[in-house]
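Read through the structures below before going on.
Shared between the two complexes below is chain A, which has chain B as its partner in the first and chain C in the second.
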Partner chain A sequence: MAQGFSPAYEVLPGRATVGVAAVALFLAVWELAPRLGIVDPFFTSLPSRVLLAGVEVASAGTLAHDAAVSLTEFVTGFALALAVAVPLGLLLGAFPILRDLIDPPVMALYATPQLALLPIFVLWLGIGMGSKIAVVFLGAAIPIVVNTMAGVRQVDRALVLAARSFCATRRDVFVRVILPASLPAVMIGIRLGVSRAILGVVVAEMYVSQDGIGNQIMRLGSAFRVDRLLVYVLLVSAFGLAMTTLVRKMEERVA
Partner chain B sequence: MRARSVMLGALSFAVILAVWELVSRAGWISPFFISRPTMIAAALGQAARSGDLAHSVWVSLREFGVGFGAAVVVGLVLGVAAGWFPIVEYAIDPFIWFVYSAPLVAFYPLFVLWLGLGPGTVIAISFLLSVTPIAVNTLTGIRNVSPTLRLAARSFGARPHDVLWKVALPASVPMIAAGLRLGIGRALTGVVIAELFVPSGGLGSSIAYNGGLLRTTEMLASLMVIVVLGVLCTQALSAVESHVDSWRTGPGL
Partner chain C sequence: MTPHIQIQGLTIAYEKPREGGTFVAVADLELDVPRGTFVTIVGPSGCGKSSVLLAVAGLTAPSAGRVLVDGRVVTGPGRDRAMVFQEFALMPWRTVVENVRFGLELQRWRGEDLTSRAHRYVELVGLHGFEHYRPHQLSGGMRQRVGIARALAVDPEILLLDEPFGALDAQTREAMGDELLRIWERNRKTALFVTHSIDEAIFLGDTVVVMSKGPGRIVDTIAVDLPRPRAIEVMDTEPFVECRRRIRAGLAGETSRA
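For the complex of A and B:
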């Protein structure tokens, strides 16, 4: 791929080796700098302390409860978003009049950070799960609608005309041509939606809540327990990475 | 066709505002929850006259400008370096993935420790949120430049840095523009989210402050300003994009 202009390409070490080495170097500097007194560990903590804090958090027993609350909010909001956004995106893609009417407000919401609506949702739905589910729903639904709509519009007209020439009904065209052809775009929307939904859960719980992962992060942050805070942050990151990888795998299936 | 779209779009906003005003005036939903467009307009007018509006817009835009500006510079440099030298890509890959998937807002207590309870923290979160898509897209753009173009340039005696500046970078404009588009959205999100937590005097802080006092009208007024800013940013980028990419004649590579 890159041969011809990068002569040293062949002898370079591999991706995994360099990646592991870079992370190891980062961890070593992070561990050693506070130990040598270059930075105050109060500000940065140390990898070894984060590891210990991880064991503490795992054995404390509150993690399961908080994770269950956050996961419930995520799953409920995301399921609602899928149920509403995919059909809406298909409708908007298929009917130009509907699109002209509904596209401008949707686009305005798409260009806006939807999390700015969080204080309004708290006012409407309270500090419990309702406001978090609403934030997840909106954060996931908007990119799914926009991408589904774009997917339907990008379906090759030749395919549609070919199907019509072979006497396919409008319903056949929709189910057998338009749906499968727009599926990759729907998946892109879902992937964007997943990361926005996860951020939404955490931010909403940090803003105001009684339990959940974001609530713990807020408490630990206010108490400046950097080591435990990082444990929760790493957990959410791992969850985000796992979900994105899952959706990518599904994308490869449908593409 | 175009005129019809614009008309229907305007009609759609008009209907939303009219229904909102009606529902609120008729008392079907208490104005305490949804306020109403005329009250929001009045609040905006008052904020504009007193200078509060200009101040909070200025604070937020400055944070956005510094955070996004730094993200563009760092993202482009990292992206070009990683696209040109595979070893750089391998080394930064794990960190990019972490920053991409971590809930960065969770770091705000740390940023407050390091940078204080003010614009510095907001800028840091905005920067971190927007730098990753810019770096990743630049990297992908440079990496995927057609080998034929590179070889052709080399055959005509171009040196490696000529290939970078005159072939690889111009050919990556669409990818880089897509990264900037994602980055702008995320930078704006970063500013607003961070301001919900950090009282910086910007628009997000105004939403959080008025939300705490249950002043729905003022809260929605700030939200409207954020919506307008978001739409303007996106439009501005489309204009820049078509200008920078105007040399491209065919339907893409």
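For the complex of A and C:
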């Protein structure tokens, strides 16, 4: 035993252990409450049934198919958003004139509920993947543009002056000062964009779609198949958690 | 012998975007700086002393007049001049060594490994062992040492220091002033040091230029007749005290108008 450590140190569990215990407790309550008659399993289902349902849809191939559709829409839309929004944000941040031109419509779009534009996208792109990709694109692009732009604008002027004092060219200033200095803000935009993108793809599929996870959620909800419904909901949650954690890790490395 | 730096009829005016009109920071300033001398400029806030430095650095264009270095007009930044900033201006995402390399990279130095050169200057300013630290992990005094190392690494002929110890506490300031002189003694570059501390100006300088504000001009130029190297104790000697009196008188005449 190390000297000087209080006995309590040996007794208290670590944070990870507490987290796992909390989840285990939640699952236990969820499983037992319906079995003991406290709640009606019709409304809540049980972990055991959800697990079974998960195995069913996975082996039937439907899970893989819908997941692939949603994932494709998400990745395509998000990749497009990155490719367009980051350079656009950098441009707008660097050139105030462009900003005055483009700011009002961008801010208007940011304030608009994402899904309000879905009917228009469906009109333009149909009920297939195209309209969903458009929703993802817009949902992610707007926060990325806004945050990238803000990142460029709040770069410490002293850093630019210092670079210039060492004979930096305009290109040097942009590449060696502005870009690295705005990177943390860009990452914030990406993190916000990810959550809006996930929201966008799932809800858009719930409204207008032939397949995809959101579509399944809608169907299963109407059919009162809560067990299968929860399989898809948990899948979306797990994906969202994974993505957010990934982006946070990247943010830490950059900051 | 041509003075290293010649400031002739320097006027710097900034536009006031909100109220309109112009703010004259410096008016018709004349100053010659001989090679290898340490000249300090002391004055109250807003007297334009930093603007003078920026004009010598080539970072601000004069509204009238000109700055000559070795007889050539200054039109922009150059490899012969390097600056140390009050707020350090270090790149937060770069380590100490990478920050010291910064100027070398921008000036496209060739024929020598930039990292080893940077390491030498990190040692020179007494930061051995901290090469891979980020600025946020360093104290204010240490950050300014990095700033000094960065400026020295590009081997400038003229060192421009804009209130470099202004963001530091009083004791660190004194220690850093000592350090700076120790480093400066090694190759005696021409130095222009701006401060609003009278004691600092006298302790460090061969010549003290006293500036007034509204708009900025020189009210006195004092030769500091104290031998080098200087120890802190010199601040209690009669010549030092006499300088201080003279500078205070020069400033008092002006600040009462503030």
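The rule is short, and it goes like this: the second predicted complex is superposed on the first by the 242 of 255 C-alpha atoms of A that agree within 3 Å, B and C clash if a C-alpha of one lies under 4 Å from a C-alpha of the other, contacts with A are read in each partner's own complex, and residues count from 1 in each chain.
Definition applied: a contact is a pair of C-beta atoms (placed from the backbone, for glycine too) under 8 Å apart; a residue touches a chain by one contact, two chains touch by 3 or more.
Fair warning: this is a prediction, and the values are worked out from it, not measured in the lab.
*Asks:* Between chain B (first) and chain C (second), which does A:Ile97 come into contact with in this model arrangement: first, second, both, or neither?
*Replies:* first
*Asks:* Using the touch criterion from the header, give the chain among chain B and chain C with more contacted residues in chain A.
*Replies:* The partner making contact with more of chain A's residues is B.
*Asks:* Would you sort A:Val226 into first (chain B), second (chain C), both or neither based on which partner it touches?
*Replies:* first
*Asks:* Tell me the contact category for A:Ala158 with respect to chain B and chain C: first, second, both or neither.
*Replies:* second
*Asks:* Answer with first, second, both or neither: which of chain B and chain C does A:Arg176 touch in the superposed model?
*Replies:* A:Arg176 contacts chain C only, not chain B.
*Asks:* Per the contact definition in the header, classify A:Val236: touching chain B only (first), chain C only (second), both, or neither.
*Replies:* The first partner, chain B, only.
*Asks:* One more residue to check, A:Cys167. First (chain B), second (chain C), both or neither?
*Replies:* second
*Asks:* Using the superposition on chain A described above, determine whether A:Ala111 touches chain B (first), chain C (second), both, or neither.
*Replies:* Touch status of A:Ala111: first partner only.
*Asks:* Show which residues of chain C lie in contact with chain A when the two form their complex.
*Replies:* Per the stated touch rule, the residues are 57, 59, 77-79, 81-83, 85, 87, 89-93, 102-103, 105-107, 154.
*Asks:* Help me check something: in the complex, which residues belonging to chain A touch chain C?
*Replies:* Listed in rising order, the residues of chain A that touch chain C are 156, 158-159, 161-168, 172, 176-177, 180-181, 183, 254.
*Asks:* Contact residues on chain A for chain B in the complex?
*Replies:* Per the touch definition, chain A meets chain B at residues 1-2, 4-6, 9, 12-15, 17-19, 21-23, 26, 42-43, 97, 100-105, 107-109, 111-113, 115-120, 122-124, 195, 198-199, 202-203, 206-207, 214, 217, 220-222, 224, 226, 229, 232-234, 236-238, 240-241, 244.
*Asks:* What residues on chain B touch chain A, complex-wise?
*Replies:* 4-5, 8-13, 16, 33, 84-87, 90-95, 97-98, 100-103, 105-110, 113-114, 143, 147, 150-151, 154, 160, 163, 185, 188-189, 191-193, 196-197, 203-204, 207-208, 210-212, 214, 216, 219-220, 223, 226-227, 230-231, 233-234
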